[in-house]
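A, B and C are the chain letters, set down in written order, and residue numbers restart from 1 in every chain.
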């Protein structure tokens, strides 16, 4: 919800006095695309060479300390990865509770993205009336949606559906998504039902076993 | 993520011989919500107590080593966070995800819900002396509170705080909320009085609760 | 669908630095522009302005200012807000009046009621203050926490590959229906109050009874006019009916001493045409102002 931000703009807090290595660790904790040394150098206001050396030292530390994660230089940038020796543990976690089907919340969110794309996360949350960050991550992870640029005014990341989504829906293109208009009258009926019924459980909805929004 | 174990694919490697701490580190690198000790214990096939100790030791190590990240027990589970000292660096990277601050009205309303839950809107309004419907909607939309059933006598919807609230507050659980008593001289006496429907403010008691809730 | 941010601005999130008084928000927003959040907040602010201890303060000291604030708000409030303010104001005035009386002895029930009202006001005020202090703690806590960013990076590609293929079995039409449902504006939470305000007793109806009786008797005390009922609402309805009849000059009212017997005299003549009694009191309440905002 960056539109609403009243926090100090990022640039206003100084980074120049921060200890370099922990600052890098903090930044890399939150990126999911490899971060280039140039980019990190610019953001942290240090020479690139200093950044490069610090990253290599960190990578060595993790190796020496036998950490379960590692810092790797991949595709031109640095990113935290799980260490392959512990893949078995990660795989268990990944597969635990995963199914081929999507939760009701995920399906609804996907539907909103499909018809509103390109759309920001905060907009999706606004439309659905609940925070959708967790569900959006799931959809990203399952390859059904992807990032597509940013909103010029706010800098918010925009999302669209992927080809994989079309494939799973059995559609040749987005233009094959049905028009919404014919379903609008019916929507009122749905509203009426949910207004008086138990709010979060809709027995007719597909895949309703998980009403949980995360 | 469901708590029950699904059948693991035949080819999956064993986790029993993995070193515990790095295995935990690897797993926590990929979770996107707090992971409970029970869950981790089950996945790694170790006693929960052993898991709990290892996690605490890891958290201590990161602190001692001055890492830019920390391992915290929040909202019932463990998760990696960036360390607050390095917020300035992280904020250069992530613009989205910064959340708008809550207004005084929203904060007060959230406080009442947190301590009185489950609680009806009218009860919250009664405590604050103003209609809270709009603010409650905002808190719902932002995922900080959710519905939890209805009051049997009046049919009024009851609200409680969410796990996301705990996450945002960095609390392990609701029991970590500060005691209300020190702020409330003779809290019990006041509670008792206000529980009874405040006769002089509300001629229609016991329906009173909802009389002002429009 | 830009309504969320507008809604947030109006309802819960920090307003822009220079709030525009012309903002088409609802009354709640306007109240906040005056920089207090309801009667308790105002009262606490006034008390702290005078550096008074809330547990000992003589509320009469801040009563005048409180009243001034209410007056300053003008006619813009909706009933909801006004009610709470008036309740507090009435209590304050009571307390102030009590202090002006020479004797502080607790003698009769009225004094006791006043003491109760004061205690209740204190209790609610203290309670509100407690939550306000907690809100400050919440605020600091949320700010601190906002400086920590959870790792939410998700799976590495080779892990994501382990996930089973997604199955979407609802078909394109089902998907479209779902989209419509998901994008449908959510009904605003609201509580229907019609049943509370539904006129259980009709003033028009009671007026008929009163008129019939007065035409027969010519003159009667109010006590007599309500002798056949012990239901408060009916008594109130008959009283309201009398006020309407008085307005229509169909009755004359006479009360020699305050709280004494109220004598009602029929002045409407002997004709069959009954005086006009409106349904003013029988209409359902106006819809909450909230609706207009949507």
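Following the convention adopted for this analysis, contacts are C-beta pairs under 8 Å (C-beta built on N, C-alpha and C of every residue); 3 or more make two chains touch, one makes a residue touch a chain.
As the structure is a prediction and not an experimental result, all values here were calculated from the model.
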item	value
Centrality ranking, top chain (CA atoms only)	B
Chain of greatest Cα-centre distance to chain C	A
Euclidean distance of C-alpha centroids - chain B vs chain C, Å	31
Chain A and chain B: spacing of chain centres that average the CA atoms, whole Å	21
Inter-chain centre distance, chain A versus chain C - centres from mean C-alpha coordinates, in Å	43
Interface hub residues of chain C, defined as touching at least two other chains	4, 8, 13-14, 146, 149, 151-156, 159
Junction residues of chain A - those touching two or more other chains	4, 6-7, 26, 29-31, 80-82, 90-91, 94-95, 98, 125-126, 129, 137
Contacting residues of chain A [partner chain B, same complex]	1-2, 4-7, 10-11, 13-15, 18-19, 21-27, 29-31, 35, 43-44, 66-69, 80-83, 85-98, 120-122, 125-126, 129-131, 134, 137, 155-157, 199-200, 213-214
Chain A to chain C touching residues, read off their complex	3-4, 6-7, 26, 29-32, 80-82, 90-91, 94-95, 98-102, 107-109, 111-112, 114-116, 123, 125-129, 133, 137, 140-144, 164, 168-171, 176-180, 183-184, 186-187, 190-191, 195, 205-207
Residues on chain B engaged by chain C in the complex (per definition of touch)	28-30, 32, 69-70, 72, 79-84, 87, 90, 94, 97-112, 114-115, 121-122, 127-131, 133-142, 156-157, 167-170, 178, 180, 183-185, 187, 189-190, 193-194, 198, 200-201, 204, 207, 210-214
Residue ranges of chain C touching chain A (in the complex, touch as defined)	1, 3-5, 8, 13-14, 146, 149, 151-156, 159-160, 162-170, 172-184, 186-187
Chain C - residues contacting chain B, complex	4, 7-8, 10-15, 26, 28, 31-32, 37-41, 55, 80-81, 83-84, 87-88, 91, 113, 116-117, 119-120, 123-124, 126-139, 141-156, 159, 188-191, 193, 196, 288, 290
